[in-house]
Amino acid sequence: MAAAPSIAPSISGETLTAFLLRLADDHLVLGHRLSEWCGHAPMLEEDLAMPNMALDLIGQARSLYQYAGEVEGKGRDEDQIAYVRREREYVNCLMAERQNGDFAHTMLRQFYFAALMLPLWQAMMTSTDERLAGIAAKAEKEVAYHIRHAGEWVVRLGDGTEESTRRMKAAVEALAPYVDELFESDDVTRAVAEAGIAPDPSTLRPAFDAIVGPVFAEAGLEWVETPYGQTGGRQGRHGEALGFLLAELQYMQRTYPGMTW
Amino acid sequence: MAAAPSIAPSISGETLTAFLLRLADDHLVLGHRLSEWCGHAPMLEEDLAMPNMALDLIGQARSLYQYAGEVEGKGRDEDQIAYVRREREYVNCLMAERQNGDFAHTMLRQFYFAALMLPLWQAMMTSTDERLAGIAAKAEKEVAYHIRHAGEWVVRLGDGTEESTRRMKAAVEALAPYVDELFESDDVTRAVAEAGIAPDPSTLRPAFDAIVGPVFAEAGLEWVETPYGQTGGRQGRHGEALGFLLAELQYMQRTYPGMTW
Amino acid sequence: EAFLAAFQARIDAEEKIEPNDPMPEGYRKTLVRQIGQHAHSEIVGMLPEGNWITRAPSLRRKAALLAKVQDEGGHGLYLYSAAETLGVSREEMTEELLSGKAKYSSIFNYPTQTWADIGAIGWLVDGAAIMNQIPLCRCSYGPYARAMIRVCKEESFHQRQGYEIMMRLARGTPEQKEMAQDALNRWWWPSLMMFGPSDGDSQHSDQSMKWKIKRFTNDELRQKFVDATVPQGEFIGLTFPDPDLKWNEEKGGYDFGAIDWDEFWRVVKGHGPMNRERIEARRKAWEDGAWVREAALAHAEKRKARREAAKMAAE
Amino acid sequence: EAFLAAFQARIDAEEKIEPNDPMPEGYRKTLVRQIGQHAHSEIVGMLPEGNWITRAPSLRRKAALLAKVQDEGGHGLYLYSAAETLGVSREEMTEELLSGKAKYSSIFNYPTQTWADIGAIGWLVDGAAIMNQIPLCRCSYGPYARAMIRVCKEESFHQRQGYEIMMRLARGTPEQKEMAQDALNRWWWPSLMMFGPSDGDSQHSDQSMKWKIKRFTNDELRQKFVDATVPQGEFIGLTFPDPDLKWNEEKGGYDFGAIDWDEFWRVVKGHGPMNRERIEARRKAWEDGAWVREAALAHAEKRKARREAAKMAAE
């Protein structure tokens, strides 16, 4: 087992682990959803682009799980953390677990998540936590591509045919209740922010809006406000779709426990 | 643990277990598929009728698994057999595991399976194996209802609107490759037949045709011959859909092994 | 005026009103709304439980759950029939559900996340439903009262079954007990909300009481439910997520904490965790099933035409 | 005649034929058919492996599988581009695939039932593909030869990765070893069939050899594959499902049992376990994606129109 990493002295290992798991679960679950498109995309170029983004997300999840395992210090490796938890222990945001819906829904969700992550990774490039700064430096480049790719689709579909406009608007409508949760702060995020490890998500909203705004303008889309956003993911309160995702994700690890693959 | 049941002296416990598992897996898997419709049926009456048939199938599966567990004599209960096997150990016919498709596909599949089971149960009512004779006596009544219910839908949809006729014909086409497997014989079925426990499936084809024929005639449907039927289910060689079904079916037993519910 | 007084006199004499009896339009409307909501609740209620049928942990539980969900469909069917006696078709009621015009019990807008939620729904949600429904067996409108007698019998079977699931979990492994407690934590408050707003804020109560459509106020029923349920939970070693919950010797019932009415109204107004998905699922079932319903109709007509043609030929 | 002779002379001189060069219609047709089949195989081949992405047993394996499936899409893309240099559009080729007119490698009509099948496909199927493809890197048609160089590099990486999965399983727990052996049992014979009919029965071989589209016969390639693969399997302790398989010192290669050509032709003709589903999956992707492709086109046109309007306004 690796020596326990040295983390910022002002934060507990438990808090840092909680923070890392949220981020890792977001990436794993969203990567899983994206990978469901594999072989079923609307065009061959997207059969390349979607697994490509999924690969980035899974790669980022792995870095984060590995680090979480080290900080936690119980000897769990990335797979034990990623695969062998109960549903209520997954702490991804609700947006990540939403079923794919159509291509417009998938791309808009990807765009939103990337527009959250770009400023987050950018800020984390100067994290007081060197390990995270390193992860961020690599991820930032990847997510910039996601923004371009998904953003272009938001524009194309928003300002495409009547049908594509209708579908993209429906996606904006459907995802609206899941946006606010991305920016939630709580004791964990505040502690992490105070320690200079990562910005509090609540501070990222302007950057998110600055990314989304021009794309929506070009796409001819209007922002939809919801009176009440959905929340609960960070406390492991999920919708009904996640359970089925986990049944697949965990199938091998649960059926053949403790083996090496 | 119950005393080992007395089985016909001319057949090994292993062979009888193999026979029982095939029958039980057919019922479990088909019952599972049917239950996926729950709450999503085309009309409220079918939201009652489909779970009702699924209940019959699950009930029949339970009787068969329980008996298989006793014959096997290793102390496995119905749940251990139903839930804790690997995919290659499930020996249901391929038709049972096919995805539901539309309502026409689901009902035709149900009709076919019932048209196999009615003569099978009827013959087994006079089985040399008393336990099976008892199971058959109860099941025979249930499956007679399945034939009526599903058969009526085959007629209604086959001789309904243009769309329903098209869909029912597509179902006949899609299921055709999976019919022959229902009547396959091999060492297990022959041994069971010789011992007077159950008829060899190959002898049931005329009875099946006698049930299907008049319904097809009334529905205005034509029988589709396929040059090659699909096979493999009895050897645990399945299509790709079964794995996902098992991931759901086994989820709880795999995640929380050895607990009582 | 005279008619209204005569009608009220029949009600006061505990006579049952039957479909062909004259009745005030308000009485009819109130019943249509209430029976419709009740029917929709049964139908939408199939979804959260149906969510676990394919993942039930044992064959016995799978069969029981299938049977339960089927019963709910059956309740929906009786109730739609009862409403049809008041002149609204099932199709009209379905349209109102799908358009969001008609409501259904908000409790079904919460997700069933773990197996224990199936226990919690049976124990708490069906338990609360029974509290609401037992008095309805004496409702002044005959067809509704008779439908409720049958419904109540089945619901109380479901409630015992749900409680039995919870008991098994609470007495099982630590993981199982934790799962049961977690489900109670998530379902307790929404169950209390099932009785509707406090008496002061309830819109329809007074007239319904007078017409004997309702026989107890929301708060009375809620109190009965708490008093019946808390000892059951404590008996199996679960803790209710309410620090203010305690026995009040004087009133002979439990005191309990304040309900989060903001959450209640949020969910009623469509912003619960699953509102959108529930309606979406029902709409999809309805739309995907349209060709089946059309085919059944077309076939029935063809059959009838053929029969008539045969009869004419025979004459 | 003179043209054909001159063309053959170029071929014999190992000159590469390029898109704008004159070429016999038969040469063009043969290439279009072969490159199309090859491209379709890459595309359809995404499905059996894609089937395990969401269930891969570790994150490392999940990432590798995603990358592999993505590479296959990439190969499809180069190959469609190579075919486009011969004057057929991707759309036309897709229509031929979906209508069943164009073929793809029959191996993808078998299901991937267990995780070990992912190993077996990498090891055996990609291994067989490489045997077929290495000579194609020297194919007389330039764009195809160049596409194959890139494809081969990636395929041989995939083959090693697949073999590594099998090795891990074969050296793992008894269940894992059994899983690996079972996959070998199911995939071995279909892999041998990948090289096509025996030389005596092969329709297109002679002319293709002359044109240097092909450089080895089916049977030669099959023998190379067996000779390369059997020691690999034995090295990790797996047994090949062929009692007639044995080393023949004299010919310096393995003898092996008779291939079930009935099965081969059955699957080629559309009656394999997954033929219908593979085409169905691709058709669904294509049809469901139509609105996306249309939107992309419409948007590009709007953009262009706006740019031109802006230019005109500026002038």
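Letters A, B, C and D mark the chains as written, and numbering starts fresh at 1 in each.
Assume contacts are C-beta pairs under 8 Å (C-beta built on N, C-alpha and C of every residue); 3 or more make two chains touch, one makes a residue touch a chain.
Just so you know, these numbers come straight off a predicted model, no measurement behind them.
One finds 34 Å separating the Cα centroids of chain B and chain C. If you average the CA atoms of chain C and of chain D, the two centres end up 57 Å from each other.
Along chain D, residues 55, 175 each make contact with two or more other chains. Shown for chain A are the residues that touch two or more other chains, namely 86, 243, 247-248, 251. If you draw each protein chain as a dot and join the dots that touch, the picture is not a line, a loop, a star, or fully joined; it has some other shape.
Every pair of chains meeting the touch criterion is listed here: A-B, A-C, A-D, B-C, B-D.
Put simply, chain A touches chain C in their complex at residues 86-88, 174, 177, 226-228, 230, 232, 237-240, 242-243, 247. Chain contact summary for the complex, chain C toward chain B: residues 43, 46-47, 50, 53-63, 66-67, 69-70, 73-74, 76-77, 80, 90, 115, 165, 168-169, 172-173, 175-176, 281, 284-285, 288-296, 298-300, 302.
Considering their complex, residues 48, 51, 55, 111-114, 175, 182, 186, 266, 271, 273-274, 276-277 of chain D touch chain B. Considering their complex, residues 28, 32, 35-36, 38-48, 51-52, 54-55, 58-59, 61-62, 65, 78-79, 82-83, 102-103, 155-157, 159-161, 163-164, 167, 245, 248-249, 251-253, 256, 259-261 of chain A touch chain D.
For chain A in complex with chain B, the residues that touch the partner chain are 86, 243-244, 246-248, 250-251, 254-255.
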